[in-house]
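Common to both upcoming complexes is chain A, partnered first by chain B, then by chain C.
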Partner chain A sequence: MTEKKRPLLDELKKGKWPSFVNEMEKSAAKKPVVNTLMDLVERSYEEKRVHWKHGGIVGVRGYGGGVIGRYCDLPEEYPDVAEFHTIRVNQPSGWFYTSDAIRTLCDVWEKHGSGLTNMHGATGDAILLGTTTDHLQDCFNDLSDNGFDLGGSGSNLRTPSACCGPARCEYACFDTLDLCHHLTNEYQDELHRPMWPYKFKIKISGCPNDCTSSIARADLSIIGTWRDNIQVNQEAVKEYVNNGFDVKEEVLAHCPCNCITFDEEKKELSIDDENCTRCMHCISAMPKALRVGKEKGATLLLGGKATIVQSAFLSWVIKPFIKLDKEDGYQELHDILERIWDWWDENAKVRERVGELIYRKGMGEFLKATGLEPVPQMVHHPRANPYFFWYPEDFAAEKEASEAGKEVAGSEVSE
Partner chain B sequence: MPFIEVNGKQIETDEDGFIVNLEDWNEDVALALAKTEQVEELTEDHWKVVNYLKDYYKEYGIAPMVRKVVKQTGFSLKEIYELFPTGPAKGACKIAGLPKPTGCV
Partner chain C sequence: MADFTPEELRAKILEYLETKDKAKNRDIATAIGVSKREVDKMVNEMAKEGILEFLYLGTSYVKLKDK
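And now, the complex of A and B:
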């Protein structure tokens, strides 16, 4: 067969950056199916429409998720990619692999699929692109024999992901890697067997720099924080200044809370921690002089998602501070999480994310159902979300109390 | 178009093996579909789930949410996966003759 020309794909090889087209051409030498795929992509670019059908349901034994069915809508013209299913493989915590593990993954995929991978998808999984239905179970078995498992897809818990945390970063306020691993193991049923109205994503960042972008991309964002004061090393501050670092311009000017002052004579920083929102800017700018506090934990935020039923949401605070305790198996987090799931599962419509349900039902309903305390940190900005937290039973209780009070008062009088 | 053959009759399916026309469904078809979903025979428990799905679909025109299936049939999700190893959406719905669940994954 003569090589077809693919001018539109060729355009994508011209930048100074890596190109998936180059990578696919390399793969095509081993796997002819990749040539067919590139022809199909070229055609999609020409016609400005995709040629994958919407949906498809395939899977492996015992799992309701992890494999996404992909069918070409022009199977006669592109028979090699008529079936081109995607497999999601649960990535290790913090995406730490040995090179041996990656080789193994690629070997399994060359045996059972196109050899094309996407490392990694937005949720965090290693994505294996393109195989046929009759390869799925064998591929899964081989992955499983080598210690890999599938990730989430469909209306289930999506593969939790975490930043590199304490393995490589001094800002980490807790062990993100351990928590991610722990949640993945604890919630295997939720991860593999879809049972909910829609997807639920958990992302874990060790500090407010939020390297997993959890606030925009996860239903539950777990973000490291501290509740005491930023640790300041004044000697190191002086060193920054002596080396020509402009503290006023680089740090003070960017502090969103205006809670830092700088004594130019003494070359000392002081921070009004009461008014600090833990934005991390000063710490990231002067890592040698400033450190996160000593009493560490995390903030839980809920509701982030991309546009579907409602517009895109950022997660918002539902728990300003939680201790993440390895020793007690993160019990407090489990309790909160399971109460959230229960309420959401019971009340949501099909394909309604938890953030959208809160939007529809109100934060008051949510807090009542989950037993979380309403706190000022939940307010986006002043006058933004005025919650009412009184229920008929509160008034009844108040009335009862006051009547009981009258009786007592009355009896005093009669005596 | 792909099809399955039941009692000498060809029944049209989509590429995932879901039947295209609900009128084609009968108990023999269900059994033939079951074999494609790693269910060798349909026991009383299987029928309980299948009939629930069918009735729900007839009434509401959509498949019930998994939580409903669990509550109404009394089977835990684990038991449903034991009955239908490929899961409620793929296995049980297919056997009940419901159209393929669609949507974004």
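And now, the complex of A and C:
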């Protein structure tokens, strides 16, 4: 047991919310290495300086990702954590585990590592924090024997993740869990062999509430939507109103398209679905009265990422509606995805995400290369649509037409 | 871009790797004049057959097995 004081970490035990420091102290009773780790974290807080060196080549046989090398830059002072590698374990779709599976995972990790986990990391994987190089292969073998696989890291496909979808959510517009499982199995080579310019993330949300925050965090966001009308139950609307729910304030005032009207006398809602952007605020506010439409599918968006080469991007719409058909093995999605990967892989610089490549080369070139149709939903930012293009051949055609006394408009991108 | 049958592509990849200790798929693609995607697919196939093996040194390299 260490005698060292850790006043800064102790601050993080205060308050009524859970504290990772409390949990680490509990772990330290079983794993003394956690004490050393807390001493190092306290020192980092004091010095306002991180003492981890990122990188180094560590891994397990047959895999190019899934293990992230971590080394302490003060190995003489903190020998117990001189090597403290992270292992990413591919989570099940929607993060549904049996308690047996979690117990098994923890048992493997207590045997081979620090026992500390992130359940789950921002990547979606179960993150196992802290082991030595000697333990990596044995840990992987035990995980593998128990049905677990590693997730992605490095310049490859990162572990796809999905919201809980139809398992627990009435809003799900498609089976997010099945799609996530399917993509994970289908793209095992892409997941485990870093061959791309940089990482590529797929996150899947069953409805526009986007519980995986895919629009901000995924290179490809797959977000459930519908293309017919929102279903309205007027009796349930009346019940909301009779119970004191302020429809004008809570729903109409927040509709970004002003496409909802409310008849106060009849206590009825009507929605101009043609002008609705499927933001889903109204449905989330009045779930008993409003439901998503019946003709369901997803919108595909591309390019979300945090700041690296360029600033943080939100994803752009590239396909406003796609039917996600289990029966044909999601063929249309595969076709689009693989065309995107081909173009990105051939054209991107090292560490350039697909959104950054589109930014550099232009959406026009992207659409041409992937054969996607330009559509009005491809807004770059509100009140702008930069995806209507004029190419040199258009100008030539315009000149020719003008000489012939005809009018020519700008052309669409696809040819 | 060169247009090879699968057998020709396979032979070209082997021929190139005979001259190297290890190579990235992109370098193979550039050297033999085909798209990287084609090389990726063929290399994965040849790795599954045990003809090639991957080396992971930050990124993926490929080499002839047991060379």
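The rule is short, and it goes like this: the second predicted complex is superposed on the first by the 379 of 415 C-alpha atoms of A that agree within 3 Å, B and C clash if a C-alpha of one lies under 4 Å from a C-alpha of the other, contacts with A are read in each partner's own complex, and residues count from 1 in each chain.
What we mean here is this: contacts are C-beta pairs under 8 Å (C-beta built on N, C-alpha and C of every residue); 3 or more make two chains touch, one makes a residue touch a chain.
Model, not experiment: these values are computed from the prediction.
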Specify the outcome, clash or fit, for chain B and chain C once both structures are aligned onto chain A.
clash
Considering only touches as defined above, state whether A:83 meets chain B (first), chain C (second), both or neither.
first
Using the touch definition from the top, say if A:71 reaches chain B (first), chain C (second), both or neither.
first
Chain B versus chain C as contact partner of A:189, first or second or both or neither
both
May I ask you to name which of chain B and chain C touches more residues of chain A?
B
Examine A:57 and indicate which partner it touches, taking first as chain B and second as chain C; both and neither are also allowed.
both
Does the superposition put A:26 against chain B (first), chain C (second), both, or neither?
neither
Output check: A:345 vs chain B and chain C. Expected answer is one of first, second, both, neither. What do you get?
both
If we overlay the two complexes on their shared chain A, which of chain B and chain C does A:154 touch? Say first, second, both or neither.
both
Do any residues of chain A touch both chain B and chain C, and if so, which are they?
57, 59, 62-65, 154-155, 189, 193-195, 345-346
Over in the complex, which chain B residues touch chain A? Could you list them?
15-16, 18, 38, 62, 65-67, 70, 77-78, 81, 85-90, 100-105
What part of chain A is in contact with chain B in the complex they form?
54-59, 61-65, 68-69, 71, 83, 153-155, 189, 193-197, 308, 345-346, 350-351
Residue ranges of chain A touching chain C (in the complex, touch as defined)
57, 59, 62-65, 154-155, 189, 193-195, 341-342, 345-346
Touching chain A in the complex, chain C uses residues 24-25, 35-37, 40, 44, 54, 56-60
